[in-house]
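One chain, chain A, links the two complexes that follow: it is found with chain B in the first and with chain C in the second.
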Partner chain A sequence: MGYIVISVLALLCLLPFWLIISGSFSAEDDIIRDGFRLVPNHFSIDAYKAVFSNPMQIIQAYEVTVGLTLTGTILGLFFTSMAGYVLSRKDFKYRDKLAFFIYFTTLFSGGLIPWYILIVNYLDWKDSYLALLVPALMSAWNIILMKNFMKSIPDSIVESAKIDGAGEFTIYWKLILPLSTPGLATIGLFLGLSYWNDWFSANVFITTESKYPLQFLLYKILASAAVLKTDIAGNLGADFKAPAETLKMAVAIVVTGPIIFLYPFVQRYFVKGLTIGAVKG
Partner chain B sequence: MILPALLFFIVFSYIPMVGVYYAFTNFSFDGGLFGSPFVGMQNFKFLFESGALYNLTKNTVLYNLAFIFVGNLLQLICAVFLSEMAGKWFKKTTQSIMFLPFFISFVLVGAFVYNLFNFETGSVNALLRGLGLQPYDFYLHTAPWKYIIVFFNVWKGLGYGTVIYLAAIMGISDEYHEAAKIDGANIFKRIRYITIPLLRPTFVLLILLSLGGILKGQFDLFWQIVGNNGMLYDATDIIDTYVYRSLAINFDIGMGTAAGLFQSFFGFVLVVTVNWIVRKVQKDYALF
Partner chain C sequence: MKKRLFKLLSVCMAVAMLSVLMSACGGSGGSGSPEEGKSTDSSAKEESAAVDDGKPDTSKKVVLNWYLLGDAHADTPKVVAEWNKMLEKDLNATVKLNFTTWNDWQTKYNLLLASGEKVDMLFASSWADFFKFAKQGAFLDLKDLLPKYAPETWKEVPEQDWKDVTIGGKILAVPSTYPEYTPDGLVYREDWREELNAPEITDLDSIEKYLEAVKTVKKVTPIKGKAWNEVNTLFHNYYDFKNIGGDSGVIVAKSYDTPRDVVAYPFTMEFEEWVKRMKTWADKGFWTSNTLSIQQESGDFIKTGTGAVYWRNAPGASGFIADIEKNHREIKKMGYFPFTRFHNYAVPNLGINNGMAIPKNSENPERSLMVLEKLRNDPKYYNLMTYGIEGENYVLNDKGAIVSPPPGKDPKKGYGIASWGWRYSKNEHPSSNRWEGEDKLMEEFKAASRPDIFAPILMDYQPVKSQLAAVNQVYQQFGMPLMMGLVPDVDQALENYRSKLKAAGVDAVLAYVQKEVNAYADEKGLK
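And then the complex of A and B:
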């Protein structure tokens, strides 16, 4: 029975992906007449032709997203691990006070609107990449998780390094960081995933089309608020009309692609990190 | 070395807390924070009397309850089944597949919903037409969305939660199972009398912990699935979507901040209460 339940659930997890892939390879006329199906009536790559006929917009969005993801993950990991390190040191006097100072932000917040007004009116980050990058760098949960990982590193390592005359930053950089790789990997994945999948901050802060990250571009195309700029008439002949429905699905595939290919490799680290975190409580 | 983090939280968390003052004003963009006229509790009063607050709170709480219970239960079942499976290949493959939805963006989830339920071209309606039945316009009826939203939320978190429960199951000592096997217990008996009772504390605590956040919504999920569809507000509007609308569509800053403050304040009270209960049940698991 277990096998059946698990198989059904796994199939349900795959089904939507399959429908999108099938939709992206269908002929537009079939979709308009019969709707999306599990198997395309007529196999067609028109949608992909349209997407790649003038890929500038998607390449641009890829650049924005990759740039944000890399910078955000590296900076975020750096700041999170530094904070986690300080809070994990038992000989740090203000440890509990600062830990609560950070933890309290998960309990109470000003809410979306004051946060938005701060970023737009006071920091003046409207339509700036900073608005996409900075507010997502750190989260209290990540710092707490990091602190818990680092707590398991024996104090004697820090002490012996101190005796050898190492400064605090050297200890953190040369000793603690290399010993915290599982924690760093897990939090790095969390950060990377949240930057890659972010559409909300672009939705509220970004107005220039060329600054759209991938997921927001997809959102706009799905909502039909924007049409992908494909130079179809020039490239594919005059009788070719833009396949709107299948195009949406093709863009969804192109935009999601790397995650789908990377996830089996990434998943292993995730499971490892989560398992360590869960067992430690 | 902790300075960047402290600065970050002061700027992005503590300074906006001052901004809850907007909730007590009739906000105007010219006036700014303290230039807008002070109106006291009027925003709250309006939210309360218009019935908006009641409906929003009800939706938020009920959805979260459904997410928490259905989600945790399924995750637990999956973890128990997976842990008992012998075929390594089958186990690994299905677990990977169930983890897949966790990695994709809510925008893609929105694409799935569009693909499935869209009136003209959605797969469900294609199927209905294929069977010779009347197509159904999902976007005009409130009834199905409860299930659709709960389904996709549970769907997205299934793999992740299963891993957490699997870790807890792995933490159960093998000796229990060995002893039971010698006594002649079959696999179902062992699940029933060993795995489930030993997992109960983890289950209860995970549920308790998530109850603290019951007023917080999943903005991404709701917005990508339903969007700003006024027809469906009764069934799909939660505090987070209301606050977002106040900001981005209606420009009703005072009212939106008031709803946000209500959410934060009662969420805070709830977390403190839940934490107090957890402390009574199992001291080690308390948050603070």
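And then the complex of A and C:
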């Protein structure tokens, strides 16, 4: 009996996804006339045609996003875990001060305009991948999470390694990192997702179309389809009118498709990693 | 959400730290100012050098950083490359053309102008906050530069248009020269009107008869999407209530002829009459009961044969009808009723409805202005930037109209970017597949044209900010359903709406607007 209830519930959870899929394959006119249906009245791939109207663009955007996600996750994990490790060592003199300094950033911020001025005017990263990569590498939240995880590793491991003559970096690299896999997996997933989903930095900093990451490119396609319907576009000569309703669904599928496969691989670490993050400070 | 917040916060702190570091490293005092000082220095030098031989100095090669609204077309890089070849030869300059994309372009404008990024020219417009930025001092005063670096433009832009962009004695933009009328109106299915023998649409009663016929005979909900715009603009235009001071919501001038007569319209007899009428319309099913929450445009439903009426301004209607004529041939005939016919006058847009401005931090304002001069006045430059590459993106037919894309080419070759900023009627070519009725409409508007006296009233609502916010809240919550006839008892809802507005402080807002309007009317010598 229990199994039946659970199965029905699980199926119900899948329903919205199915609606998205069927919506993305429906004809635009049907959706306007009758709304979304479980089985499309008229099968149509117009929405996908609109998304892939320029396939090179999508491929480029995939390359950018995958590249950013990989480098961002690997570098971010490296830096975050180093910071977390240092903060977890009780014999580090400025531990509390530094921890407070990092924690403090979660309470106050400079705002969007100073951030923009820094990146554009001082670092000169406008229209550069660095603007997409660097700001998201480390976050206070992740560092605190990492620190708390590493605190659970007994100090005696560090001591024993020292007695055997290991240097600080060797201890970190050979002993602490392998013991922190659940934490690393969790934060890796956070980082990966945040890089994968990040459209805002591209929106603000990137002006060259070939440098757009996937999320932003698709967001832009949607926005353009919406703008083409408004009065502003009354004079725009663009002849191409995208099917706005089904386009949303197709875009959702194109965007979420690949990253969804990441979950099964890291999910087993997830619960453990998260519970550790529950204790702050 | 939390994670985002954390991320943002941490990034910001990192920025704060870094900027502290930076300014410390910079050593000699303020971080940005030395550089700024240098750039104005050099441009001043350039200018003085130019004055000497009486001709603009173009010996130094420069790259100009331009920004346009919206998205680039797939062929834009090719077009710009072509364009830069010509520019380099003529003016020893090239332009890096950037686009904001349509996503959050308002935010981007704020960032571009607030951060002092070195932009040499950007699209400016009254509807893209030109006046706000101008007041904040974001744009460069062009008064002295114009006669020298853009003499032809200086001569040919009408006096009135320069006045529109003169704020505090400074000329802050180059407006486009393209007289435009964008009055509201209704697009409707003329073929159905003929079929149903409904009277020709000339006033509110005929509109009602038409809607009724569509609803009862055709069994079609006439305004099926969000009907708010249709009803709201119809209301304002029918009673000649003029929106005033931008975002004031319920505050209007009672008529064009009496600009000083400012009222909060929910307290008028006209409004009472109107909402009673709208209640009957809603009850008859002219729109659906969830119309306020629908996000779909009524126009979408016309295309699928399940709607009949759509609100558009005149150029928007023209585009919409042209699209239907081309892609929905089962719809035989569309009609357009501009609301200007209620009172028989039309108001042209301000000169700065579209234009180009140079931000204060531009490194080469002179050269940028020279490029704009070329772009506006030289048809070769104008056509290339506006319509794309001839033969590839467009051809001119025998009447001088644009055929885009050229016959036999991929439809994606049809060119279009937001080129409105430099539009100049002398060089502009109409589109060959435009709706036939458009020219006639423009003639009608021109004949009934009266200057816009309301748009230049720019209000800073700071003193009544909280009241305005409260009023807008009430407007959304109680005013909109009332306007759409979606209340069980009109009298009661009206009374409730009025008392809620009073409580929200509508009187304070009204008094403030009245004061500002009086000051403006005194200054301009209006009655």
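As a working rule, the second predicted complex is superposed on the first by the 201 of 281 C-alpha atoms of A that agree within 3 Å, B and C clash if a C-alpha of one lies under 4 Å from a C-alpha of the other, contacts with A are read in each partner's own complex, and residues count from 1 in each chain.
What we mean here is this: a residue touches a chain if its C-beta (ideal position, glycine included) is under 8 Å from a C-beta of that chain, and two chains touch if they have at least 3 such contacts.
The structure presented is a predicted model; accordingly, all values stated were derived computationally and were not measured.
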item	value
Touched partner set for A:107, first chain B, second chain C, both or neither	both
Partner chain in contact with A:181 - chain B first, chain C second, else both or neither	neither
Partner chain(s) touched by A:41 [first = chain B, second = chain C, both, neither]	neither
First (chain B), second (chain C), both or neither touched by A:82	first
If touched residues of chain A are counted for chain B and for chain C, the larger one	B
Contacts of A:196 with chain B and chain C, given as first, second, both or neither	first
Partner chain(s) touched by A:267 [first = chain B, second = chain C, both, neither]	first
First, second, both or neither for A:170, with chain B first and chain C second	neither
Touching partner for A:223 - first (chain B), second (chain C), both, neither	both
Partner chain in contact with A:29 - chain B first, chain C second, else both or neither	second
Chain C-contacting residues of chain A that also contact chain B	32, 102, 105, 107-118, 121, 135, 138, 140, 204, 216, 219, 223, 245
Chain C residues within the chain A interface of the complex	3, 6-16, 18-19, 22, 31-32, 70-74, 98-99, 101-104, 107-108, 110-111, 114-117, 182, 296-297, 299-301, 303-304, 306, 312-313, 315-316, 318-319, 323, 327, 387, 402, 404-405, 411-412, 414-418, 420, 431
Residue ranges of chain A in contact with chain B within the complex	2-3, 5-7, 9-10, 12-14, 16-17, 19-20, 23, 31-32, 34-38, 79-80, 82-83, 85-87, 98, 100-103, 105, 107-118, 121, 134-135, 137-138, 140, 143, 168-169, 172, 193, 196-200, 204, 215-216, 218-219, 222-223, 245, 248-249, 252, 255-256, 259-260, 263-264, 266-267, 270-271, 274-275, 278-279, 281
Residue ranges of chain B in contact with chain A within the complex	1-2, 4-6, 8-9, 11-20, 22, 32, 74, 77-78, 80-82, 84-85, 90, 93-94, 96-101, 103-108, 110-112, 114-116, 118, 120-123, 125-126, 129-130, 155, 158-160, 163-164, 166-168, 170-171, 219-220, 224, 227, 240, 243-244, 246-248, 253, 256-257, 260-261, 263-265, 267-268, 271-272, 284-285, 288
Chain C-facing residues of chain A, complex	29, 32-33, 53-54, 102, 104-122, 126, 135-136, 138-141, 190, 194, 203-204, 207, 209, 216, 219-220, 223-224, 226-227, 229-231, 233-241, 245
